[in-house]
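In what comes next, chain A is part of two complexes: it sits with chain B in the first one and with chain C in the second one.
So, the complex of A and B:
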């Protein structure tokens, strides 16, 4: 019976995700969903991307998913983009209907790119697509080079893989070759980005990639 | 209906957790359950504790919970303790019955301390007690000083809080006073430990505390 309930929950999520996608396509908004461990630096990556892409003349908004607190939405607004904070209350991931409701609270006029930060969790968000065009998984150097092996679904199902905090490589026993090999074994097709939000390294390349995705959408 | 199913799942977990606790009490085994984000360093803390407590003449075994891979069990065995690896398949936390089954696979003769590493996740394990005498949450410096605010249930319901990777404090903008204040607001009673598995700092104090718990159990 638990399985039946899960099937029904996932089915209704899928319908809501499809409706989200249709809405975003109709409005020419590129939507990117980011998942990763707590503290992997998703919000820091958003801050950097907002500053860079805004400078390039792009208009972004953000949906922040957290179990509790509005810390991340505040950080995003300081970086220069409007953010809508979803507090899940205890739920370990966003689901598509939460995102639909959040969108209704945001003025989307002129918005080209919507960033969604999922709840910090490498397991649960994988089962709940939100309808985004592209889903990134964000890993970070201090988490260790074996994370793809230990949380394979997140890395296998991501459309793109970001390794964050590469400025810490000199201080930690992290084998970057091993990390990328494990990623390639699970997901050879996903584009891969190594970035540091402290030094800014790699963020340009990531923003170039996002602009290419926007161009493909006709934006 | 989903709520009803969850109630039933949690109720059956609680019964299994109580049975685990009774078994451990009857056998004089102190059981410690560790939760934390992926990459917070739970396994590194285990390696250090095993080496230190074994030197002090204690007998430990370990149950390792992971979505996938047997990496952690291998690391534990290299540190000198037998480990039983639970792979949850896709589940985001251990539950009590998984632990009961794992115990049946371990020779518990003479064992004084059992360490359980939950799946790397700051959200889901909180709802599923395993019957352990003591539950630690492990946070780490690179995750950022706001984690208690963003994942309050894990910090509120923990019996003890460990801040790991304090050797990285010079390299990161982590406000330790703020972190401990947030912990105190949520959970003033939990004993708190600052450790580094790289330098070994703080591990002695943590092991002293564990031995005190063992003494209270009559071990």
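So, the complex of A and C:
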């Protein structure tokens, strides 16, 4: 006997993601989800953004996803934002319910921007929406200019692409034109940012963009 | 390696189907699009591991591959692809609107002919 099922496999995660989004919209909080390989510099980008956006009078909080340790949450707090660390204990991605539980642990009064650092991985997080308004993929110069070719879905699905560690461009055989060309082939419409957390280059532009997104949300 | 999470979600859906109909699940068909990044072999392996010792043990998971289908925003042509690098076959444009490719859906289940032994019987 055959029965029609027609159910989305990750439907329960999608429902939790939608509930997260509604909560954030109702509270006027812009939420940004960052994917990237381990070592691409997601936490360093967060430290820079927190310092810059705090200086511009914005209030930020952070959810950190890692397999283990609270190292990143400590770095974020030193940069000046409260962070909640999720340890997935081996899971390779965050899912929406983990984020909803983390939200309950944070005092969100007056918060305008929530940054979520997904587990360092360019495969699994793409399949699990968290409900964020905007999803960035972060790649870095030492990883090589063919990263989009090797992990095409992450680059295709992202709403924005960040190339980090551009201060290393003079020292490494990284063809930036090739990298951006691959990004364009996969995701011609995503805004693209080249940054260095060492020199600070490009971070103003990234923060301007985030403030524009906040303004669109009505914040 | 999100196949274990995915297998767990499929098992939850099929357990509900089995309960609703009072019959055990023998097989299920799952549509998989290239953008779901599912590796079929790993999903099969995860399915066997997740269902082991459960009422779903031994049930067959049939994977139906779905192509990425996209409509060109410049010339309107429809293009099909199984890789995420996709451009309009007609005009080469990258401005495409995707109609499919993200699928990860349980389409149907094949249930045992006889009713499962329940508490009432």
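Basically, the second predicted complex is superposed on the first by the 210 of 219 C-alpha atoms of A that agree within 3 Å, B and C clash if a C-alpha of one lies under 4 Å from a C-alpha of the other, contacts with A are read in each partner's own complex, and residues count from 1 in each chain.
In this section, a contact is a pair of C-beta atoms (placed from the backbone, for glycine too) under 8 Å apart; a residue touches a chain by one contact, two chains touch by 3 or more.
None of the values given here were measured: they were computed from a predicted structure.
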item	value
Partner chain(s) touched by A:163 [first = chain B, second = chain C, both, neither]	neither
Touching partner for A:146 - first (chain B), second (chain C), both, neither	first
Which superposed partner A:113 touches (first chain B, second chain C, both, neither)	neither
First, second, both or neither for A:10, with chain B first and chain C second	second
Partner chain in contact with A:92 - chain B first, chain C second, else both or neither	both
Which of chain B and chain C A:124 touches, first, second, both or neither	both
Which superposed partner A:45 touches (first chain B, second chain C, both, neither)	neither
First, second, both or neither for A:210, with chain B first and chain C second	neither
Of chain B and chain C, the chain that contacts the larger number of chain A residues	B
Which of chain B and chain C A:197 touches, first, second, both or neither	neither
Residues of chain A at both interfaces, chain B in one complex, chain C in the other	1-2, 5, 9, 91-92, 123-124, 127, 152-153
Contact set on chain B toward chain A in their complex	1-2, 5, 9, 37-39, 66-69, 71-72, 90-92, 119-124, 127, 140-144, 146-147, 149-153, 165, 168, 171-172
Residues of chain A defined as touching chain C within the complex	1-13, 91-93, 95, 123-124, 126-128, 152-153, 156-157, 184-186, 188-189
In the complex with chain A, residue positions of chain C that touch it	1-2, 5-6, 9-10, 12-14, 17, 21, 23, 28, 30, 34-37, 83-85, 87, 94-95, 104-113
